[in-house]
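If you scroll down you'll find the structure; I have some questions about it.
Note that the chains are named A, B, C, D, E and F in the order they appear, and that numbering of residues resets to 1 at the start of each chain.
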């Protein structure tokens, strides 16, 4: 069973609205290699796990739990990037004004139509997430290799999207997730090391230069790239795999730690002019 | 952030394998109105919530948390229905035997091909789950009405699927979920009552006769149809809505309670002949 | 604007339930080359029509109107094939009985889960109809050629599906539609003849032998293969194209006629045990 | 059977081409909650109707008939918004000119590629319409609740899209449809009132302020928000439901009336340079 | 079996990057009527061919072989249009620079996220190619008519896309393919002539004016519109159909010829800043 | 450019029709991990290749070429399994006979409706192949790891499907492809070895026991598991990677060889009763 504390896993750094950034950020939420896919893939792999090697099941379940928090972080980031987009006076009159005219030009129009400036289960092209993205091959080694590829696409895509806006809300979330994807890459690479593989200097893939993503530095200094956050209320065997020397060329020791302290969930204002959502509809 | 205790929200009653039942049970997992949809719909509606009426956000988040446990329960039920399907001697020889020949006849062939007899994010027709199923209209009243319809389809579909097999594993899970969908219907109906609606004798929809689903009785006697399980580790305002008289014609009082005690997650055996998953691949 | 008289365009011949036949009949409703596709394709082609050659627009609009009635005929046929499927005692008790167990074996399970034994916008494999099926090339000649192919797939698929059950409800509807697809083939072939093409002995495609489909005979004898039914309440130029010698090797003269007299829409009984639909839910 | 008179249900107000507006208008045609969905949803619900309460079937069929005219109105509006887009000289030479270069920048490129500047069965993101959008739960109460949500999303989305351009062609069609969606909301809310529900002041959802949509005023003054247009050539029981006091907080009496007088369908010019469609291809 | 010589079927003319042109060019690769569809459609039609009239099978197989080379040509064209897009300094620093900010504005964002500025199996709206596009009706005449329509949409769409940019890389590839689609139209039209049809002056569809597409001229002068390139290493009966007078109003004689000499495949530079692909990741 | 010799890459062993086997075999053709996916994935990865390390591009292109022949082999196998399915007398009369009644019971109905008993671009559940299956991450290491997973799913799925029928046509094709997937696994594992990875005893994944698939033995004895067939008409650098000791625990040396001699393509008979395809339609 699943329990919740209303805390985000990382902070939301304030900055101006940027609907074009919100559009590409959707890839990280609902894309083929985004957080919804990793979340659901590890959910299915852990629920469908076969055999007594429970440490691998605990590894999969453990990373799944963090992905839930990642999904919420990315939803919240997108909402922040959308919030307040559009000219003042949205809905304020029936004049010739068309306050969303510019806002939707480089945006995902569904952000302004289906919901009221809010995140969606779609990717950067607006394609809905789909169940075919989830791979569970029913074979431990194939699954571990596949998850390793998946976490490498996480870093690849986030570092490419990072170039698309200098918005601070946008970049902070990307930077945090880049470092965590690196940690999860280490987890799956290490799991394969326990089965005999020697990765030489292959990881991390890609071989990203942390100096290009300055927001990453504090997370690396906090050791987040070599940590596995433990969200279990009962015991877990995850440490049987996630411990000892990192499989990455960057070295260090892998450790299971407490999750971050948590950050407040921002409260989004009502948008009465867009009929969203709130009770004000009833009080007029 | 999300925390986990390795317990199922309801028991898995043992019975024989039944791949045809597993096939239709997929509707409850990955169907248009199944548990993945309710889980993701309430996840998005709560993360995208606007305005200060936090009791509604807590209601949405609270039901989302239970849906996570429902998804795991249905995955586990499907796995149990598939486990051991096929003739003995699967993979045992290269002779003329084709031990899965019969097993796949009325089954979802992907249960035996993509994974190793395990659940998938698809529906009873094998169609992959998709993000278009998630509705978040960005308007509180529309969302509450929509969620009410969704929970009524939950009861409708489960009571229809119940007729498709007398397998005990299958029926126990369906019966538990019918009663819980009734409770969630009460939650959304009550939320609309707080805004002024009087439902008269409309709910529950459909007006199911509990005598036809004898496995339901114990859950109703335990009051599960009028309870909201609380999975929050911090405080919640859910009781501001979910309390007082039930909106259902069946009466009773709504109460927020602790979750069920939890039931053990069954360990699935390895299937070395299907290369699934386990470490045995390495030791031969 | 569109007007309606509650009459089916052809009769529903009574016979026993046959859910396996209902499953394959869905191809004719929601398949890539089914009635929903022809209906929507001709709807878009006529609304998007460019230029002053209004006789072609009237031809497209006219066939679209008949396709609306075809969609309703196929929906009704599927409902008739499903109605009463399943053992007696569906929902009648909570015993070990699983009255839909057999019914869904060769059926589309969604016929029994999503609705209450009723038609769906899907094909024989259960795939949902989609907008990509609609072709409107924005060029009259391409469209006419394309529509000709479409009407030939109509006959091809219906004559193949005809072999899949000897149910009389099923075959009567197929037979009527085979003859009407032949008429629409004649319409588009004739339209291209007015632009100079000589088809020699090419049509109808396929060259079906009417003796194999005895239910067709009465429709051919009534001249339905060379008739265009006129559903316009105002005037139409359709006769400028649809007149004179048939382009088919079977000869005869094309004529615009009144629609058939119409046949009663059968009233489907409530299925209270499947909670469908009716008011009885309220009166218990 | 379905009959047609070549009249639009509302006028097309002339204005300049606006392909960006045409792109977002597609949501109203082919979106998840657009006119194609309401049309097909009510088509299936009425054809699949069970039981003797024919007044509900007539209500569903009656609104379906109007949705057919809405689909044609939106197709025509999109065509008008696209017509003449692009620089002069499209196709006029093989020089360096690229007359569609700007036109497609904020447009749906398929408007210019698949057809010749014409409407498509897709939404504002270019996603094709699909059959999964159609909900027919096989239970009258669920269907009525669901249709009510659907008509509320109609107003929500149209009022949001209204902010995206001040083009007059665009806004007039949206305003007419907002008022008609309000009427259909009243129809389904009233149908549930006949089953005992008291809506208090809940409707319309959203609680839109007519002063913000000045084009709406004349339609409200004509009573279109409380009228059900009757497109039946035979008798109908729709008045058994649609009569008496409106369920909306805005009051008034519900009445079944004749449809609007009808407006001419604009003739689109040929676009010979885009090979669309016309006969001119043959005469060069 | 399939053999390869590393040569493109046409030249890549150098010009500046143009990601907006790359986006619309995707229609020609992965669109409903693009080269992937023609390739796969003719692949299936030739492998599934029934009966002894092997000259038709050879025709289908022969055009399929050319489509393989077309797919590679369009992939390469898109890569060339993307290569170097974005400001200098992509990935060069962690400063406020967001070098892809502008580049993605009118581009397909997936070109910059999923791969490293490279072609994708999607269309101009970013919709993934799908198997439903492939039509094989299992009837020779229907297939020939359908292929004829398909090759006419090829010319239609390419001539419309041609107007969207004056980029030389873009237009040269389009011009070559327009002429080849004309040749394939001649092939299928001729195949139907051998069965008795007289096309009068119908083809080519559309009746494009070569003077508007000056890059086409050299290909017409080389006779490419009336040539079928032979990619068979063994003998073929294709000449039994593709010979004699052209069915096009433009006249000339059809001839089976050697393929073009071939053009070098451009080597794309590594993009180490986008981690793409190369070995440099390992050497830092 | 691509050249062809009409030879299959392996023999078709005759046996009886088996439409249920044809249905599951579709997974190998059009499934998420089937031959169409490997073909298109390696096609895109090789055309989009960046950088001077041409030996990797030649490896990708080389395996792509073999996948083309695999697609044709699987299409032909499915056709053979379908050919002659159905009772005698298909289409032979208009009597009560329904000769396809049984044939479609456990079959993909589209095999009998869309084409005339022929292969389709779909999977074992009838889901159409889609472009989202193709992964090209734009990073060499990610791509190599991904391709390795893909080839391991090839063996996994084929060995599971092997259990579903003892039909000889079916099993021979599966056995050949299992061995070839093993070879391609060796190719990608070896490519990563050249970058420093030591796989220990990990491969092949899964660790299949050749004694369970007796048809495989002859292919292993011929060394097909350690061979790369060369389909290039010009030179290739593939041997720079594919040579030396096998990365598999089964040992042996990798060698680039000539393709197999080739096997005749069976000629499928016409099915005039199903209007497929042939010229006989014209001659009646």
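Worth pointing out:
We adopt the following convention: a residue touches a chain if its C-beta (ideal position, glycine included) is under 8 Å from a C-beta of that chain, and two chains touch if they have at least 3 such contacts.
Each chain and its UniProt protein: A, B, C, D, E, F = Mn-containing catalase.
Predicted model only: the values in this text are computed from it and were never measured.
When subunit B is fitted to subunit F on its Cα atoms, the angle of the rotation, on a 0 to 180 scale and to the nearest 5, is 120 degrees. Of the two interfaces, A-E and A-B, the higher number of touching C-beta pairs belongs to A-B.
Ranked by distance of CA centroids from subunit C, the top chain is A. Each chain gets one centre point, the mean of its Cα atoms, and the points for subunit B and subunit E are 47 Å apart.
Mean C-alpha position of subunit C lies 38 Å from that of subunit F.
Contact with two or more other chains is made by residues 32, 114, 116, 122, 125-128, 130, 132, 137-139, 141, 156, 195-196, 201-202, 205-206, 274-275, 281-282 of subunit D. If you check each pair of chains against the touch rule, the ones that pass are A-B, A-D, A-E, A-F, B-C, B-D, B-F, C-D, C-E, C-F, D-E, E-F.
If you check the complex, the residues on subunit D that touch subunit E are 86, 90-94, 96-101, 104-105, 108-110, 112-114, 116, 122, 125-128, 273-275, 281-282, 284.
Listed in rising order, the residues of subunit E touching subunit F in the complex are 1-9, 30, 40, 43-44, 47-54, 61, 65, 68-69, 71-72, 75-76, 79, 114-122, 128-132, 134, 136-141, 143, 195-196, 231-234, 259, 262, 267-271, 274-282.
Note for the complex: subunit C touches subunit E at residues 32, 127, 130, 132-133, 137-139, 141-142, 145-146, 148-149, 152-153, 156, 192, 195-202, 205-206. Residue ranges on subunit A touching subunit E, taken from their complex, read 20, 23-24, 27, 31-33, 106, 123-127, 156-157, 159-161, 163-166, 201-202, 205-209, 211-215.
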